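Both complexes below contain subunit A, partnered by subunit B and then by subunit C.
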Partner chain A sequence: MTDVSLIARNLFRKKLRAALMIVSIMTAFLIFGVLVAFEHAFNAGEDLAAADRLMVVNKINFTQPLPYAYYERVKAVEGVRQVSHANWFGGYYQEPKNFLIVLAVEPESYLKIYDRELDVPDDARRAFLSERTGALVGEALAQDKGWKVGDRLPVSSTIYSQKNGGHVWEMTVVGIAKPAKPHIDSNFIVFHYDYFNETRSFGKDMIGWLVLTTTSPAVNDKVAKTVDAMFANSTAETATDTEKAFNKAFAAQFGNIALIVKLVVGAAFVTILMIVGNTMAMAVRERVREIAVLKTLGFPPARILRLILGESLLLALLGGLPGIGLAALAVAALREKLLNFIPGMVMTPDIAVLAVVLMLGLGLVTGIIPAFSAMRLNIASALGRS
Partner chain B sequence: MTSDDVLVRLTAVDKRFTKSKETITIFEKLDLAIASGDFIAVMGPSGSGKTTLLNLLGGIDRPSAGEIRFAGERIDGLPESRLAHWRAGHIGFIFQFYNLMPMLTAAQNVELPLLLTSLGGKDRRRRVEAALAVVNLADRARHYPREMSGGQQQRVAIARAVVADPGLLLCDEPTGDLDRSNADEILEVLRLLNREMGKTIVMVTHDPAAAKYAKRTLHLDKGRFSERDLAA
Partner chain C sequence: MRSLLLQIAATIKINLKSLPQRFWLSLSTVVAVGLVVVVLLSFLAMANGFRQAVKGSGSEDIAIVLRGGSRSELNSTISRDQIRLIEEAPGVARNAEGKPLVSAELYLVVDGLKRATGTKANLPLRGIGPMGAALRKSITLAQGRMFEPGSNEIVVGKGLLAEYRGFELGSTVKFGTTRWTVVGVFEAGGSVFESEIWADLPVVQSLFNRTNFFQTVRARLTGPQAIAALKRYNDEDPRLKLDVKTENEYFADQSSNTTDLIQKLGWPLAIAMAFGALAGALNTMYSSVAARTVEIATLRAIGFGAFPAFVGTLVESLVLSALGGVLGAGATFVFFHGLTASTLGESFTQVVFSFTLTPALALQGIVLALVVGLVGGLFPAIRAARLPIVAGLQG
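On to the complex of A and B.
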């Protein structure tokens, strides 16, 4: 017999009670894991945004276009390292309900700017740059739809039509872009702006937005001011901001998800804390006599403290570890379902580590008061109660 | 009695309990010497301080004044953790209501004090087997307390008290909850431990028949001892 087996026997002396507590803790960590993974994925854009990347959009609204000429003019601004541009295509596959994220971009500069986020193999990169109707498909989307390099892809638009009256742009999958980090969205298609611009029936030579990198985050402000000043009082005034601010504003449209998640998770934990804390206190109170006997046998105060704390920690881990395991399974299952809404939902090591820290915290908080009272228990008076 | 033979010596021990301004004095200037190898029965009316005496001897309660020496070493002033360590090595307790852990088997209950030693698993098992054999319960090692009679549970408790080989056994009405034949069995075991294994025993009892197993009987009344030979 060891202290650990003694702790386990104490915990499971009332099997139903132990099982109920384990299930409640498990549920709390399931909720925690799923919601935090959701929240991380939802706000990933903000966290992953590169510090040196700025977005230039139309001041009226980011859905309003900008003249193509801005692309060349912004390139010349001091402190700008690279510039690229993109158009929102409003894509879908076969039927409008099969919504796709499709951007028409300037391939070379676009890949350069997102070099740190996307892993594009060299042959795929070369093929994409050289083939006018080539499309680069993100890994998540390719996996979801089962698309492979070489596949012919008819992509329709809810916004644009072609000069010949058609709505379908024929593309060829020339490569798969892998996300370089877990949260990075790879549920997209990018294709050539030139192909798009020459075939569309309206909006010619207008681009959706510019994305640029600066020589250093320190010059971000100066570059943003210079760009906006350059186009002030023109027909299309611009608003330039960091990608981070842009993504944050975009996510905020859906409400303060982080706050909601914190409130729900917080409520779950407060409940668990009270249930487990109360049960631990009760369990120790029922055992006052046995604890007094252990002390009589010579178990020192610190050892008694450890036995009780060990019990609440074991309980928290027995509930928490399977709970976070279930959350990982649930997140993997939800990932497919929510792909179009929030891509990149994953159980990251960070979340798992945070969960384990919370388990240890839960174990300590619920055990500390009973453990201290057990430690300080007066043997003579505890044994007197028969 | 030479001082070499004295295992425990109480000198001018006072014990008072204070409860909301009211102070009750249990002992005042109490002196007692317990020889090594003695078997003492302590009798006396309820509330006379018998349990309190055992608590003082076993270091689970402290005197209000005076000193208690065990094998020459003062124990009354030791801090809690040192006292716990000292108890583990020198004292075995046996209670009226056995006080076994319900979720542990007989063998595991007996093994508890050995968790405080550095003995390995094999040595511990051997010691547990030996202790259970002394109380004649080798065949009950895997039984839980609820599966045993009161007499058997008390024998497990005795095995637990002796497994770490302490010199002094303190028994508080060990047969108080048992019928005559079970009580006699327990008392035989105690006598065996005293005679064959040299354990010093202090046993509180209300039962004159039980006291006869002891070498001498102390009567405790109003905080004083009087020694009488019941057989006479």
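On to the complex of A and C.
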């Protein structure tokens, strides 16, 4: 009998107990996998932000507008490679509860700036640039609503009104923008700022924010300072920050999600540490005489240690691996449902690797004390026990 | 019958007295169940606290008027003509001088720094007219005075002052290039208004380049039933076509999404954790039955029935889980109840609320704990009842 089969036999000598331990470890890793994927998706804006991209917003708050003229002025700042601008439209489809993320943008520069994130086919790009009422729809949203190129969309705004008093803007889907990486959000519509600006009843020639890329991340600070200094003491002062810092601050507004995830995952792990640790200790106590017999047969202490630790590690992996597998399935199922709230929820290899590390850690922690006590066992007194 | 009850009482006593022999394993069950309850109750207390803050903000005799389809105050725009029409509407109350109790307001978002993290957060700045404060229930000034009309003065809610930096009484706050002095701090019974900054409407309009721009109208109704008349008036006039709701309805809508979301996160997490704890409870109880095999067989041999053996084990499990449930509820109360937090509400601004654990919520947690104890004790109890006596006596 090899050590591996001996370990497996030991673990499954009480099948029900082993199965219960496996279920309990599995649920902990299921919770871990789903929550960490959730947190990653929640903070994806920060992780995916391009190092050379800056956001210029109104210093009062990013919901306050900026004059359109800033677009041209920022373009001329040294160290700025490209600039674009966007305006939150407050979109919905038919009913206000069918909330849509819709931005009115300057098409050409916007696509250039998000070139690395969005995969837009050449014909769609050309159609978007030339069609005044054309809209580019993100893949996730297009799939969710079943929208195709050529569809006419009446998109309403919770904020703006047309000059004729209506709240609906007619748009035509001219292309589908695919996300370049799985984490990237593609639950949006972008359409022409010019079309929006000429038809709306108020806020004319104002824009929501500017987004720019610098010639190199090294000049970020200098560019930010120059831009903010340029508009200091004007009626619309600006606050320029990296996209990363902006996204991080925005995510933080919802609350400390990372802390909540840590606390819940912590609670789940404390539970299994206690349950599995106690059970391993109990399993070894039950087998004291057997271990003494193994020692009598000449098993070296290190091998005894390996057998017990092997058992707790095997248990952790048998529970943890299916647990993280289940988490991957759960994340895939939740992805669609959470599209509007946190797009781009995926089980990444990083999470899986971290999970395996935690499984090994769990196996070691729950096995180490029983393993040492087994290794140090005094043969004579152990055999003397009944 | 009496002997059965005595037998049951005896087995329960034996089971509970033998608990210290399995101290660590039993403790792990108690802690596991307790943690499940803490996770569930902290989410429920968070959802409840948020709901109480938002939902509790509205009055049923105040109407709120928004642009059609706007859903939140931040998005809405209302013209001066429309305000005039609402002032003349049926169902709107008037004061002693015959002036309608109506407040046209502006709702803007400004940045504030969160004390805990130092990060920027969206805070609501509300421009209100002379009727504004009177159209909210239970507004009291805790410090200072109300702003003077026509001046750059603001009053801030107590919750906002507690969570965000730089709004202490007497301090100067900068929004863009404009400077404002904090002249008062108000309380509003823990409602969302306590997370707001108020200033004089015309001053806000002029300093934020929003001259002649209004976003919402609040009107005191002659009574809760008057909302129907106001709604009918609004629907019949093509110049209006606005969304008219009671403040109660409006805030109920505003709280439902976030509250639902927190509850929808809390319950599945707690149920998943309950499965883990259940596995632990089953393991503990099977170990308990195994450890007491000789004892149970002995009791059976001297004439105890199978049913008392069953009940003894089941009660042991229920006692452990109830203990876990009570400890979990207690820990939630000690560590989370009253904790102040803030999140981005439906109006795209921060809502300050405090975790509120109620007895009804605590009961939900204890019921979940007892379900774990019941299922976790049932199967081991069946095993205890079916234990073969002769084999059992041999150990």
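Simple rule for what comes next: the second predicted complex is superposed on the first by the 383 of 386 C-alpha atoms of A that agree within 3 Å, B and C clash if a C-alpha of one lies under 4 Å from a C-alpha of the other, contacts with A are read in each partner's own complex, and residues count from 1 in each chain.
Please note the rule applied: a residue touches a chain if its C-beta (ideal position, glycine included) is under 8 Å from a C-beta of that chain, and two chains touch if they have at least 3 such contacts.
All values reported here derive from a predicted model rather than from experimental measurement.
In the superposed model, A:Leu383 lies in contact with subunit B only, and not with subunit C. When the two complexes are overlaid on their common chain A, residue A:Thr279 makes contact with subunit C while staying clear of subunit B.
Once the two complexes are laid over each other on the shared chain, residue contacts for A:Phe299 go to subunit B alone; subunit C is not touched. When the shared chain is aligned, no partner comes close enough to touch A:Val4: not subunit B, not subunit C. Once the two complexes are laid over each other on the shared chain, residue contacts for A:Asn233 go to subunit C alone; subunit B is not touched.
By the touch criterion defined above, A:Val357 lies against neither subunit B nor subunit C after alignment on the C-alpha atoms of chain A. Residue by residue along subunit A, subunit B and subunit C are tallied for touches, and C comes out ahead.
By the touch criterion defined above, A:Phe254 lies against subunit C but remains apart from subunit B after alignment on the C-alpha atoms of chain A.
Of the two partner chains, neither subunit B nor subunit C is touched by A:Ala333. Annotation: subunit A has no residue touching subunit B in one complex and subunit C in the other. For subunit A in complex with subunit C, the touching residues are 16-17, 20-21, 23-25, 27-28, 30-31, 35, 58-61, 63-64, 90, 92, 96, 156, 158-159, 161, 167, 202, 233-237, 248-249, 252-256, 264, 267-268, 270-272, 274-275, 277-279, 281-282, 341. Subunit C contributes residues 24-25, 27-29, 31-32, 35-36, 38-39, 67-72, 74-75, 77, 108-111, 114, 117, 119-122, 175-177, 208-209, 213, 261, 269, 272-273, 275-277, 279-280, 282-283, 286-287, 341-344, 348, 350 to its touches with subunit A in the complex. By the touch criterion stated above, subunit B contacts subunit A in their complex at residues 51-52, 55, 58, 60-61, 80-81, 84-89, 91, 93, 95-97, 99, 101-104, 108, 111-113, 115-116, 160. Remark: subunit A residues 1-3, 6, 9-10, 12-13, 289-290, 293-303, 379-380, 383-384, 386 touch subunit B in the complex.
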